[in-house]
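Common to both upcoming complexes is subunit A, partnered first by subunit B, then by subunit C.
Take a look at the complex of A and B:
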């Protein structure tokens, strides 16, 4: 069981990273981004396709990351240009539409679950150390370090740099940010590009463990949302913790034969429980306002 | 007359696809307060939003220092020297006072000179400031980037008279620094007291254009301009009694 929990930690670090990307997109450009994992998967598959075509990993990696960044930036530019004045629901609906399109194109280009699994490079599969008979692979440490780096780095960026302050201003009052001279469209598209690049890296990290097919990777958005909900789409440290807890829960459920085959349901259970927990005051308030 | 720093000719502005401002021409002189008056719904805020780039200008020209800015995005207009204090105290509530000023760039010292109250609270989150202090911050924030003209929309909304007077003094200080001000104000007499030239809007069109002195203390004329009708005799009598 401990082995499964440690294995879950590997996924947990990656889930935390995906959740962090969702939270950052929401905090900085006020969009609930359904396309995020699909866009990252697109970048990852561009990389692996280039490698299949004979390109070296160190050339294919930046090109794949650039592809993810460019696709994300394109979506960001569309949202800024044509949906800048619309509310969050409309923007989320646009990303749902784009998610469906990106998934359809990705499946057409790279194949489905059974036909499209690719061999992604897995440089961190070697054991890092052993604790109580449990082998901890390097990927656990890498994903955790990456998640902590993003949490701390983004916190510092937002609070200690002028760009970070402007990003906060942009997320709080986009129109007023422009009124005081902040180049809001350029900054927003930059955020989208950075999110696309980071998501591609995260998908590359998790792809070897999850089978490496486009459908599974693109649909990781459900897990990312569950993690983001733990942090209430706001708190980076809570999102990080949420990712780790979700990974461990998934690992634990994989080790129990009775529920093993239902472990994919864990993120949805987390979403439902958190929605219920967060809405309990609304029920109370509504009852009292009658 | 010296060349206007901000000039509008035949400007039309839409709000959510609906034409609200029609064929407005006005000039804002440097180092002076120009006042825009009108009843609720006359199109004053839409006009300001159009000048600042927050609402689309559908016809006419907007020039800042002789340079057309009507097609520029909002942030480029701000960088060109157009400051805008929006209605409803639009500070960045989660940022501190100092951070609110920093995001606009430039010289923070002159803001603290103008509003020493803000200097004492520079580390406080803007959301925790009083209404008057938030308005001072919004006004001060326009100063840091060295604007040529500042648009001010209903600065006194929801504030105590003593605070409104303090803010009006600050507007006078802006003018002292050579900055032109285009002011919308619900308290017409306060605005007319510090203004030099006034425009009155009704249903999105300019129905009066003249020196502020012509309108000071003449609320019956303002009423006529606002609504297109002379005030009702009972209301006029009641008003003259309270005067």
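Take a look at the complex of A and C:
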């Protein structure tokens, strides 16, 4: 059983990365982004498709990341241009619609689970060390390091820099931000592009562990939301911890035969329990006004 | 609420009544209309299946048709959408008045439409039976072994051909297929006297590492597996499981999957028809000729399509008198077994309440990111 928990823990890093992307988007542009994983998967598949066509990895990687960034920027531009004054719910609904569209297009372009499986480069595949019966590859350490980098880096960016201050203003009071002279639309689209780029990198990093086809990668959004929920869509460190907890829970549930059938439900249970826990002392009206 | 119930009941009565009246299956001298329900868009895509069935029909038509009548295929895309699948079946039976369904390939058709087919007295010969209901219905008999017979063959291959004592199973299961899986395992146990070392049917999405660690801990020598290929093998390699024989089902037998399995891993797949990657195998020459002639994608699914169409044509030729839905159904229910070289056992429809005529599997193994056909012929459990 200990081995299973350790095995689950090794996936904590990749889960944390997914959650961090969601929280990142929410902190920076105040949108619950359902398209996140699908956009990242689009970028990742552009990259592997270019590699299949004979392009070297160092040329394909920036092109793939650029594709993810461009798609994300396009979505951002739509949201800023046409839905800038709408509330969060409407924006989330727009991303749901776009998610459905991107998934359908991706499925057409890149095939389903069996015919569309692709080989993703796994440069950090070599074993780093062994715990009990579990081999821990370098990629686990890389994922964790990347997750910590995002957590600390974005934390510093938001709290210590002028750009960060402007981004916070933009996220929380977009109209006011524009009135005081922050170039809101341009900044927002730039942030969307950066999020798209980071998400593509994250999807590339998680693909060898979590899925090699478009629909599986695009649907990782459910897991990502579960992890982001631990940090209440705000706290980056808690989100990082959430990823590790989710990994542990999955490992544990795989080892206990009584509950292994329900392993897939774990992320949703985490969401439900956390929603309940967070709202236990809340008063309506104030609590839900963000 | 009440009114909508009434309307639904009225509609159902109408459908039943018209089903009872429209057993003609086209006129006596127009084309013989044949239907199929295929996933063309959506999550389960098999556009090559209706194309291949049509190619066989074109061949028959070019040679003068059946008794001077041409064969016409009417294929409906259900996009794996239950609503569309149900509508497609009713439309084919009611409006198009097809005489039979041949070469269906839908993940939802059998389960939804089995009662419709029984009520209309029409037979369906799917190219690919996907869901369990395809193998447990009185009016459906697919030309593939299906998931359960295939599982028995895979277990048999692991324990008898590869001679492993510790056979484990890590599966993802569809709702409602648990009973079929247990029955398949029991069939294998009864034949060999062996039992599974680990049976885990909870594999889903997410990191496969906990399962691999569990298999490693249990000392599994052979692992039967049917879920996502890429991450499973990437992580199995990381965990150093190069000495384990991983045996996958026919759904994993695709070129894309062979590409994603890392070097050094032992990955097998049980196929439902002669492996399509080798055109010199018995029966594959005909299939290759048909699909090449019409420039159709070469997949295992198109093999099922050609076989379903061939079987249908062969049975159709035995019909005495006018070709109608009744006479075609009668011909299938009383047909003699057909030896078809692309599968392990003869195909027969017959009168029973459930049909799973094709058994056994031929195995392939990944070598240098390509599937290689293994020398053993079809492994049919219990057949020496």
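Here is the rule we go by: the second predicted complex is superposed on the first by the 261 of 290 C-alpha atoms of A that agree within 3 Å, B and C clash if a C-alpha of one lies under 4 Å from a C-alpha of the other, contacts with A are read in each partner's own complex, and residues count from 1 in each chain.
We adopt the following convention: contacts are C-beta pairs under 8 Å (C-beta built on N, C-alpha and C of every residue); 3 or more make two chains touch, one makes a residue touch a chain.
Bear in mind the structure is a predicted one, so any value in this text is a computation, not a measurement.
**Student:** In the superposed arrangement, does A:166 touch subunit B (first), subunit C (second), both or neither?
**Tutor:** A:166 contacts subunit B only, not subunit C.
**Student:** First (subunit B), second (subunit C), both or neither: which does A:68 touch?
**Tutor:** neither
**Student:** Would you check which partner chain A:107 touches, where first means subunit B only, second means subunit C only, and both and neither mean what they say?
**Tutor:** second
**Student:** So in the superposed three-chain picture, is A:242 touching just subunit B, just subunit C, both, or none of them (first/second/both/neither)?
**Tutor:** Touch partners of A:242: none, neither subunit B nor subunit C.
**Student:** Check the contacts made with subunit A and report whether subunit B or subunit C touches more of its residues.
**Tutor:** C
**Student:** For A:231, select first, second, both or neither according to whether it touches subunit B, subunit C, the two together, or no partner.
**Tutor:** A:231 sits against neither subunit B nor subunit C.
**Student:** A:184 in the overlay: touching subunit B, subunit C, both, or neither? Say first, second, both or neither.
**Tutor:** first
**Student:** Which partner does A:43 contact after superposing on A: first (subunit B), second (subunit C), both, neither?
**Tutor:** In the superposition, A:43 contacts neither subunit B nor subunit C.
**Student:** Can A:176 be said to touch subunit B (first), subunit C (second), both, or neither?
**Tutor:** First partner only.
**Student:** Considering each complex separately, which residues of subunit A are in contact with subunit B in the first and with subunit C in the second?
**Tutor:** none
**Student:** Please name which positions on subunit B make contact with subunit A in the complex.
**Tutor:** Per the stated touch rule, the residues are 52-54, 73-75, 78-79, 84, 86, 90, 92-95, 99-100, 102-105, 141-142, 145.
**Student:** Touching residues of subunit C toward subunit A in the complex: what are they?
**Tutor:** 41, 43-45, 200-202, 204-214, 216-217, 228-231, 234-235, 237-240, 251-252, 254, 256-257, 259-260
**Student:** Residues of subunit A touching subunit B in their complex?
**Tutor:** These residues of subunit A touch subunit B: 162, 165-166, 168-169, 172-173, 175-185.
**Student:** Considering the complex alone, what residue numbers of subunit A touch subunit C?
**Tutor:** Result: residues 3-4, 6-8, 10-11, 14, 107-108, 111-120, 122, 125, 127, 133-135, 137, 207-213, 215-216, 219, 223, 247, 250-251, 254-255, 260-264 of subunit A touch subunit C.
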